[in-house]
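Presented below is the structure to which this report refers.
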Amino acid sequence: MVTVTIVKIGYIGTTTLIDAILDERSARADIKIRVISSSVQMGEADAEDAAKIAAGVPSDLYVAISPNVGLPGPAKVREILKKTGKPIIVIGDEPSRKAVKSFPEEGIGYIVIYGDPMISAKAPFLDPVEMALFNADVIRVLAVTGVFRLVHTTLDKVIEEIKAGQKPVLPELIINKTAALAASDIKNPYAYAKAMAAYEASKEVASLSTEGVFKLEERSEAMPVLAAAHELMRMAAKLADEAREIEKANDTAVRLAHFKKGDLRRRVKLFEEPEK
Amino acid sequence: MVTVTIVKIGYIGTTTLIDAILDERSARADIKIRVISSSVQMGEADAEDAAKIAAGVPSDLYVAISPNVGLPGPAKVREILKKTGKPIIVIGDEPSRKAVKSFPEEGIGYIVIYGDPMISAKAPFLDPVEMALFNADVIRVLAVTGVFRLVHTTLDKVIEEIKAGQKPVLPELIINKTAALAASDIKNPYAYAKAMAAYEASKEVASLSTEGVFKLEERSEAMPVLAAAHELMRMAAKLADEAREIEKANDTAVRLAHFKKGDLRRRVKLFEEPEK
Amino acid sequence: MVTVTIVKIGYIGTTTLIDAILDERSARADIKIRVISSSVQMGEADAEDAAKIAAGVPSDLYVAISPNVGLPGPAKVREILKKTGKPIIVIGDEPSRKAVKSFPEEGIGYIVIYGDPMISAKAPFLDPVEMALFNADVIRVLAVTGVFRLVHTTLDKVIEEIKAGQKPVLPELIINKTAALAASDIKNPYAYAKAMAAYEASKEVASLSTEGVFKLEERSEAMPVLAAAHELMRMAAKLADEAREIEKANDTAVRLAHFKKGDLRRRVKLFEEPEK
Amino acid sequence: MVTVTIVKIGYIGTTTLIDAILDERSARADIKIRVISSSVQMGEADAEDAAKIAAGVPSDLYVAISPNVGLPGPAKVREILKKTGKPIIVIGDEPSRKAVKSFPEEGIGYIVIYGDPMISAKAPFLDPVEMALFNADVIRVLAVTGVFRLVHTTLDKVIEEIKAGQKPVLPELIINKTAALAASDIKNPYAYAKAMAAYEASKEVASLSTEGVFKLEERSEAMPVLAAAHELMRMAAKLADEAREIEKANDTAVRLAHFKKGDLRRRVKLFEEPEK
Amino acid sequence: MVTVTIVKIGYIGTTTLIDAILDERSARADIKIRVISSSVQMGEADAEDAAKIAAGVPSDLYVAISPNVGLPGPAKVREILKKTGKPIIVIGDEPSRKAVKSFPEEGIGYIVIYGDPMISAKAPFLDPVEMALFNADVIRVLAVTGVFRLVHTTLDKVIEEIKAGQKPVLPELIINKTAALAASDIKNPYAYAKAMAAYEASKEVASLSTEGVFKLEERSEAMPVLAAAHELMRMAAKLADEAREIEKANDTAVRLAHFKKGDLRRRVKLFEEPEK
Amino acid sequence: MVTVTIVKIGYIGTTTLIDAILDERSARADIKIRVISSSVQMGEADAEDAAKIAAGVPSDLYVAISPNVGLPGPAKVREILKKTGKPIIVIGDEPSRKAVKSFPEEGIGYIVIYGDPMISAKAPFLDPVEMALFNADVIRVLAVTGVFRLVHTTLDKVIEEIKAGQKPVLPELIINKTAALAASDIKNPYAYAKAMAAYEASKEVASLSTEGVFKLEERSEAMPVLAAAHELMRMAAKLADEAREIEKANDTAVRLAHFKKGDLRRRVKLFEEPEK
């Protein structure tokens, strides 16, 4: 039994389901998952607080997920978790790509997801409903384009190594469009291209939201850009959906599910017997 | 400063963003949120473990969210949290409606969400990708139809009472289609009807997933029903999207956002000044 | 030559084309069809009137179709037709399921169609245009999901028995989602699931229309529910269309057509030779 | 009380609901409707048979509907009905336009509907499912573009005259795109144009189906044209749906419903009080 | 090296890309293309002016493209180009079909494209944006339905003959729906039917635009018809898109590309090696 | 009368209709347009050839349009046209932005269009059909997002100045998302945001096509990226279409049309009188 403790500081799209993708049916008997989160708050004090609780949970593996892992809050989490001496994997969005460069020498693994964009978090635009809709779109893109597959199989591998009593090899993984799609198991070439386009559109969303949130001070200038970011995200989700529907129409939508002992079984044709 | 500690045991759709909808831009200075979760695992031991950690966090309000709150795991959470003497609000899906009847006399508040359906959690069908797509669809329906609005304003109100030093009046809230839509702020009558239809379709999903998971033993019988549940969910999300797009086309998509002191500001026309 | 006389009392979706599905190209030389209808009127006097005309038409088989066959009007039809001594098959919607239980002992066959829902027949909502649109959606769902196939092959079989001089075995058929889909000849599993979801959504429409028509007296409460019923029906039709389009894209849309002697020929690939 | 007896010989799209559009909620106490039909069969003997039954029903008004009213079957119907001395209104599709020219001098009224196209009734293509789907599409176009509105208000007017004891003025009505749309009550100009385009596309369907059924003998040549006719029809229905959805989004979808005494009440805004 | 000089007088949809479809990647070393155009202006003087410039360009082949090639402007172009003694191919829309009848005896080749309809060129409707959108729709239909394929392979063949030092056989080609689709290389029968329906709808657009531009003088009568023409065109483009998407979903979208020496290479499966 | 001579060297999306947007109905009597083009070929010799022909046409204004205006071919065009002493305006895509910096000091005006992306011009992917479809999508985005409006009004202004006998002020215009949308006249804020998202997606297409064409040498790596570029372009066009449809549904789709004397008249409500 491996205990995986996940520390969530603030939100990226992957935060919503990062633990659930490890055991989608709650069927596994080989792992125990605990999640400690400071919710949307990313300040150093909040992060420290959550990390300390997490450090108090006897764990075999820590996963810390947040936006931009180079910020003080997420850094504090790593500082505290490192004291446990347990393996740590950090997951972040594209702005995290600079900070992670030094992680290997600290013995920390990382996964950086380029297609998990910042939300248009500015006062006159974002409310809970708009925020939720944005996340629904992001989740769809991450699910279809291979990101969630690549994240869970990467974590699955580390967990297997821990189960086997080995010192795990921690990931150093940048999920750009090539890496994501390679994990997507999409068979039709046009569906593959659609999913790749969705991933790039999703990545481009961050350019717009960043501009709208940080660069444009005039509300009248910022608002169209903030809204355009979310429209582009909705479009990306639609494109991902188109890709998935093609795979379904061809009965080639691959399923790779977790079973009791943590083993993964792969199946393609929906109404036929599972393969291992 | 009010500390809200959320205990998540297993997953319903609302679980993914329950804390984020209280402070969508991470802008509030009046609350602190902590989340402790046993992730997908709902067993009594897992629930107890998470609840004990949560009970150790000094809190002004506890929110416990899980599928069917009548199960032993969620019950254990309440048992432990009650010892803190702090107010407790329980959030669950439709199967929870029986168990909550006794909550008022225990001094526990509740929110039961009819349109947050069980997933088709059966081995040959569900994998992490399918699970994530289902949640994306559920989130869309809950966001558009008024559920998230009703949940956060209900919690906001309790938090306000605590901030004011009052003994909070805990909610006893069943979110059926009427309650949800009344909170949705949808102006166009056809958009309103589309959203209501989406909510009912979402509720109907649970009939199919329950049948597929618990009643049909033959894989060949269960598979179409499991898949039909998710197709119906996807359709419900599309219908919710249609409703939202109509409101956007009429520039009547209401936004009700949290500001620094926890105050909510309402705005309708996107490019015009916020109203309070 | 077999004469089939169809008595239509009031309207369900199937009423519109029940006779046409027996001879879609008007190519058969083995049957003669006559239809007598009291149109939308279902009162006892109207039903009696129509039934008496029908009883005066020399027939080998009577088919009586109406909403809720347990109502006095449809009951009167059966009473009158029984006096002819000819075989009778009654077709009705879901509320008919109680009344038909006693039919076998009366020697009457039946077909009950769960996915043929009541319309939102309330004054401030329904007009001829809205009524027609609802029927267009219902027809699409019934056509794609296998209902029309199952109904016509069931009647075809009885007609064949009569042609062969046998005493026909009258159907005792409940068309729930399983029965409908089994007759649908849909090959792609996701198209199958979509069609099943459409059927269930269509069935759920009746819950909404019934609530809106009979349970909600306040116009302000009833109107959204009445409109939601029709929006759900439109959505169900779209889902059925998605299923059909997948089958067409895979060139697996099965055709089973009537020929001169009432024989059915089956073909799959559109541009290739018919099979028998 | 006016008795309207409708004789249906063969099928055009309007046949399916011609009687239902006179009393969509079965609410009228001022009329009685009877329908006698030879179903899909249009031969002279079948038509005569049905007409004789109809002539035996004491009626104040006869409506005879069929494809191409110039064919011998429909002509026989008129011959028989004329002997009753009662007013007769004939309804047909575009090929009927020649035959109706002589109707006024015979004292027979007529309604010719250009947008109600022939189906692709050829053996290797049409089966009951395809036939039903085609009709669903036709009904949608006829409902949205104003045809059903124009047909029922035209018949309503004649019925009112009979109720008032007047000799009714029988219609001489060609429903081309201009006449249809003028009756459609569509407010948005682009929705109006979309509906008009749908009507013209629907009219063009007949060119294709006629070519496929009558002019192309080689199956390999006919099949694409037959299928193209139905694809064009499906597209026309989608365009009509787009038009309707715009009107709904603007809350300008007019409803004109029949009430108890046959009076029509008009309402526009869905959630507001009916107007007369 | 063959020099092809294209004279464009006024615009049909094909005008926009007629030269580009001969060398889509600018990869050919065997031809040189020059284009001389009087833009939208079709008057005799403008046409003469452009033709004279073109006649001054040493060319091996002339292609003259315009609306209705029977008008004086296009006729003047032919008159001038004929003096060069070089082969001439004229391309026009459907109204050109009369004028081209005499071309063979004049030694002029022709291509008449039925599915390239006139735009709704009337003052209160058409502006540059509407004009561009119409052309986008027309281009989609011409590309998918086989027209562009048939045009470029027809011209490719003539160019090959000239390269080979032969006297080229000039085309006498009417591109009706049969000819277009035969060149489309669409494999799925329903996609084929959809594309054919798109082509016919596109042809029907011209009936509407012609009526709106030339026959209806009252602005209030003309406007809906002008707008309906463009709505029908948009619908035709959507249908063409549906056809293309099916071919992509089946990975059967054929590509036939020009290479350096003007040779065409054909490939079907997108991610696999090109075939010749 | 002003003569505008347009030199087209190679293709960007705007090339297809650059002249037509100046006189969409061929109604102007104040200008004469001539177009000289080397078609897809951009080499120095081809460009020189076309430019020399153009220089021989007596003109009041030259417009030179091509991809990347910094390449030798387009540079040669400017060199030759400058000798005429007439005003020159250069139009190019985003890669042109460096070269144009020196234009003002040379007395040359420029328009650089960021949202007119390079096509995926690589052998195994692009054929004439794919090329045409890409252009259809680009045209739609340029038309809806304000680019075509901004280009023609910019040229219109220069033409007016020449007509007035003034020395024209030549444009120095970069069309980024802000500039484009400001010219779009889109009224609904969400439609505005959708159009902006479409523009940015279109701009992002160039990143993908550039990567696929120039950076990825392995066919297996390049193909998905090339195809993704076109899928993103198709999605951008869909988003632009969504924006346009909203404006149409609100009857706010602005039309700004050219009349006889080159004057522009603006109208908004489709069925109402034109405004000036």
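Letters A, B, C, D, E and F mark the chains as written, and numbering starts fresh at 1 in each.
Keep this in mind: contacts are C-beta pairs under 8 Å (C-beta built on N, C-alpha and C of every residue); 3 or more make two chains touch, one makes a residue touch a chain.
Values in this document were obtained by computation on a predicted structure and should not be read as measured data.
Student: Under the document's definition of touching, what chains do subunit C and subunit D have as common neighbours?
Tutor: B, E
Student: Could you classify the subunit E-subunit F contact as same or different, where same means more than half of all interface residue numbers appear on both copies?
Tutor: same
Student: Whole-Å distance, subunit A centre to subunit B centre, using C-alpha means?
Tutor: 21
Student: Distance-wise, how many Å sit between the C-alpha centres of subunit D and subunit F, to the nearest whole number?
Tutor: Using C-alpha averages as centres, the distance is 49 Å.
Student: Measuring centre to centre with CA averages, how many angstrom lie between subunit D and subunit E?
Tutor: Whole-Å distance between the two chain centres: 40.
Student: Provide the list of subunit D residues touching at least two other chains, using ranges where the numbers run on.
Tutor: Expected reply: 189-190, 192, 223-224, 227, 249-250, 270-271.
Student: May I ask you to sort the chain touch graph into line, ring, star, complete or other?
Tutor: Graph shape here is other: it fits none of the named patterns.
Student: Each pair of chains that touch: what are they?
Tutor: Touching chain pairs, listed by label, come out as A-B, A-C, A-E, A-F, B-C, B-D, B-F, C-D, C-E, D-E, D-F, E-F.
Student: Which subunit E residues qualify as touching subunit A in the complex?
Tutor: For this pair, the touching residues of subunit E are 248-251, 253, 269-271.
Student: For the complex, which residues does subunit F have touching subunit E?
Tutor: Per the stated touch rule, the residues are 6, 8, 10-11, 16-17, 19-27, 32-42, 46, 49-50, 53, 56-57, 121-133, 135-137, 139-140, 142-144, 148-149, 152, 220, 223-224, 227, 237, 244, 255-259, 267, 270-271, 274.
Student: Can you list the residues on subunit A that touch subunit F in the complex?
Tutor: Against subunit F, subunit A makes touches at 177-178, 181, 189-190, 192-194, 196-197, 200-201, 204, 207-208, 221, 223-225, 227-232, 235-236, 238-239.
Student: Which residues of subunit F touch subunit B once you look at their complex with the stated criterion?
Tutor: Residues in contact with subunit B: 188-192, 246, 249-250.
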